[in-house]
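Input: structures, listed below.
In the two complexes that follow, subunit A is the common piece, with subunit B as its partner first and subunit C second.
On to the complex of A and B.
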């Protein structure tokens, strides 16, 4: 699969269609996992090989959804750019949305750069409905979905992917992707600020995979946006509990949410405590401060003297906790002079 | 056991025409398909199975109607414009439209969202036909563009989803060797059609049946009518017979009841089973006519055929001859008259004849002969009564 950078993709697209794709590749964040942008691959043309380029008018759009990546073919016609696009929904051949639920298809406006992106969002909504309908094959999973739907904290931010029913074993699997309503706004900015990492929205997603319809094999996984993960101390900083046998999502998800919230609060409080701690040192040993971490308040070095004995005191703590380690370095008075 | 199969037949020149159309167009193309749909039911009997039925559906594509551009007969919501369809198919019978096609480069062999919606709406508009959708997807197989590939598939709605159907391409003629062709040729030429149409009425009726078949069918109908009439007659006669049998049964029952009653009343007067019954009227008539011949009133004969006089009836039955047997009296009176006139003429003759007869009889008769019998013989000479 030839993954193209947005600029390369745009350069090969037919000029009449370029504004539409520009909106998709630059602003194309759909669904819960908005950290991943929409990607375009397999650019092809519907014109003859004698037609000079750029004339690509059909491509494959990769859409993150419920932990999967949907690969939809979008087909334009370079000679008729005013016509709305056509779609092939990959392996979901049975997915057939109603045109009445797609206002941006019925009232297609080729002059609106956001029209294609809006149409893709509408199709995703219909796709979500289609996947929820497929959950009816399993009463257990349908119960999980209905119970989460009733809770406003989770019902509005949920994506479901129902797998294929195994015709041999009769097994049916599904994945729930939920956006956890955790407030990350009070996390210290210095923890989140990292240009090397994704600067997108801070989000925590909980993915729960049911490998069978009776929920005997359930595998949860927590996905954090890179900045949050870094802020909390890395991938190994937070371990969510295993899904309890016989449990259900409506009990488990709030438990994970609370755990994450507690962790975030711990980080925030730790920061504030460290700041207070450093402030106290500064106020008491203001003249003896050699240096200190004014961003994270994790380090402080003091130069102290007692009866012609001069020494440096290094105070440090890790970003996630208030634990202080003290190291004393002996020095001679004459060295200081 | 039932088996269903659907086949799409496409001639080589129609496929070539489709390819030529798309090659000369710088975008996707679409249009309508014209042809005929033939359904056939074959019953296959083998040693192991006697009820194997095959339902064969063959769709012959004879022509294609090109649309000038895509999206010409439907809108963004894929609703069909009926006027546009009629305009496109103005030169053809609407019943001959058997589907539509689309050609799109460098895409997969899978129906798109619009194609599925358009096909659904076309099926609603043309419900009399099972429509097919043919998808042709040419693509480059090499980066240099030296080799191209064309994939083609027919899709048909099978009730729950679209299924692909095998397309059979005929090159210059029918590839399968058969003694009898069950299907007409694809896209027959205009001159052939004209010639057939000119002479068709001689062999086929207005409903495209062979004329002989129509005649046989009429005769069969007439035979059936006659048989029906005969059956009705038989039914009537059988019912009459049934009714008569019922009446007879009733009468028999009545007679047997009456007999039982009579038997109960006459228990003392019943004779021995073997005793013969006497015809009293006959006995009375014989006595009146032949009073001197008691042997005529016997019912028993010897082995030689002579009457046994011991069992002659000598009782008076009390029959009133004039009222019960008037003809006997008339006959007796006529006999008397003839006798008196005869006596005068043949008295002498009878005396001589009587003497010779007596002599012969004396020589021929046995010892058992009764003198009564001799007397009877004499009496017989006197009368015209039959001789036993």
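On to the complex of A and C.
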């Protein structure tokens, strides 16, 4: 699969269709996992080989959904750019959305650059409904879904991908992707800025994979935005508990959510505590302050003297905690003069 | 379910599609028939199998996309009727052509197909998908086609066959039952057909050949009649010959009986007239001698092995009265069966006793009868009559000869033909 950069993809697209795809590749964030953008691959043309380029009018759109990547074929006609596209939903051959519930298809406007993106979002909504319908093959998983749906904290931010029922073993698998309602807004900015790329919205996604319909093999996984992960101390800073045997999502998800919330609060409180701590040192030993970390409040150096004995006091703490370490360095008075 | 499409329809669809600079669609026209196959095997008495066969005869291309449906895929029946006109009843499916896409029904195609199924009232409406795939450098192009049966589960795919497209060296050329619906073809045939077709629509050459065939049949029938007639004549002649043979043998018996009686009477007279007995000289009626010499036993075997090339035991031409003593014919396989030679005896040099006896009996009889003249004359005269009758029956012989069956009449009445007798 040839993954093309947005610029390359746009350069090969038919000029009449370029505005539509520009909105998709640049602003195309759909679903819960908004950290991953929509990707375009396999650009092809529906014109004859004698038609001069660029004339690509059909491609494969990669859409992240519930931990999977949907690969939908979108088919335009370069000779008729005003016409709406057609779709092939990859392996989900049985997925047939209701056209009347796709407003941006019924009233397709080729002049609106966001029309295609909006249409894709509407299709995803129907795809989500289609996957939820497929959970009916397993009463256990359907119960999990219904119980989460009733909770407003999780019901509205949930993606479900129901796998194929194994005709040999009768096994049925599914994956729940939930967006945890954790507030990351109070995380100090300095903790979030040290990232290579702009991660977009800070989210925490909990993925729970049921490998069998009776929930005997459940594998949870927590996905954090890079900045959040960095703010919390890295990938190893947070470990979520294993899914309890016989447990259910309605109990487990809040537990994980609380754990994450506590961790975030700990980080925030640690920051504030350190700031207060440094402020107290400053107010008491303001004339002896050599230097201090004014962003993270993790370091402070004081120069003190006691009966001709001068010394430096280094106070430091790691980000996210209030633990302080003090180191005293002896110096001579005449060196200070 | 099986499906077939005529070669010209397939090529026409491909031509329209390949020349289109975008996706292309249209309708398939044809018929659906059902075949029932009854099979009888040892395991079960009979089993019937039904097979639906879809035959595509023609296609109706749409001028442009979205010609009979809107953006949401809702079919407009008025536009549909305008496209199909009076061919709506012949619709069996529809097709779509799109380049460089998967061989899978798209979202809009499925929506449209469901509506067409309901509007046209065809439960088993088929969908033919053409895909034209080219490599990146445009060096290789592949035209792929798949026939779907979307109203069945999992969008069942049906194999589509094109008659006479394939390895024709191992297949018979199939005559398609597809009717020719081309108007241009009909007009051309109508204009120039008189040169080749007669008023009944049959090619003239065929009729001429049929006339030749009929003439040949008439001739054969006539020859059959002639053969039949000649066979009847031959049968009649054979009947006559048979009757004559019987008559001859009857006369012989009568003659022989009279001679015996006469001989007996003479013997009684001779006893009293021994001195007056006159020996018959060499001038004794030769007819009697001829009779004695040339009268074979009555058990003449007229059966001749069929299709045999047995050499005639008798020469073809009538032998003179002074002919040598001929072997008595016997059935093949019988003891003492004479060798196919004119001489006496068997092939091993020995002679059959019967033959010897016959020869001896004939010689004795000759010696006895040589002494008599009067009665011999009468007998000889009668025998001469027989002989003369024999000799005077050339008409019969001539008739046989004229019929192409050379036959030779022996004094004894046997006839031998060159071919196998009936």
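The rule we apply is simple: the second predicted complex is superposed on the first by the 334 of 337 C-alpha atoms of A that agree within 3 Å, B and C clash if a C-alpha of one lies under 4 Å from a C-alpha of the other, contacts with A are read in each partner's own complex, and residues count from 1 in each chain.
Methods note: contacts are C-beta pairs under 8 Å (C-beta built on N, C-alpha and C of every residue); 3 or more make two chains touch, one makes a residue touch a chain.
Please read all numbers here as calculations on a predicted model, not as lab measurements.
Once the two complexes are overlaid through subunit A, subunit B and subunit C clash, as defined at the top of the document. Legend: residue contacts after superposition of the two complexes on their common chain; A:44 is shown touching both subunit B and subunit C. Of the two partner chains placed around the shared chain by superposition, subunit B and subunit C are both touched by A:96. By the touch criterion defined above, A:78 lies against subunit B and subunit C together after alignment on the C-alpha atoms of chain A. With both structures placed on the common chain, the touch criterion links A:305 to neither subunit B nor subunit C. Subunit C is struck by only one stretch of subunit B after the chain A overlay, and of the options 151-159, 205-213, 259-267 or 295-303 that stretch is 151-159.
Taken together, the two complexes place residues 44-49, 51, 58, 73, 75, 77-80, 83-84, 86-89, 93, 96-97, 99-100, 105-108 of subunit A in contact with subunit B and also with subunit C.
Those residues of subunit A that touch subunit B in the shared complex are 44-49, 51, 58, 73, 75, 77-80, 83-84, 86-89, 93-94, 96-97, 99-100, 105-108.
For subunit C in complex with subunit A, the touching residues are 18, 21-23, 64-66, 71-74, 98-102, 104-111, 134, 138, 141, 154-155. Put simply, subunit B touches subunit A in their complex at residues 23, 26-28, 69-71, 76-78, 104-108, 110-117, 140, 145, 161-162. Taken together, the subunit A residues at the contact with subunit C in this complex read 44-49, 51, 58, 73, 75, 77-80, 83-84, 86-89, 93, 96-97, 99-100, 102, 105-108.
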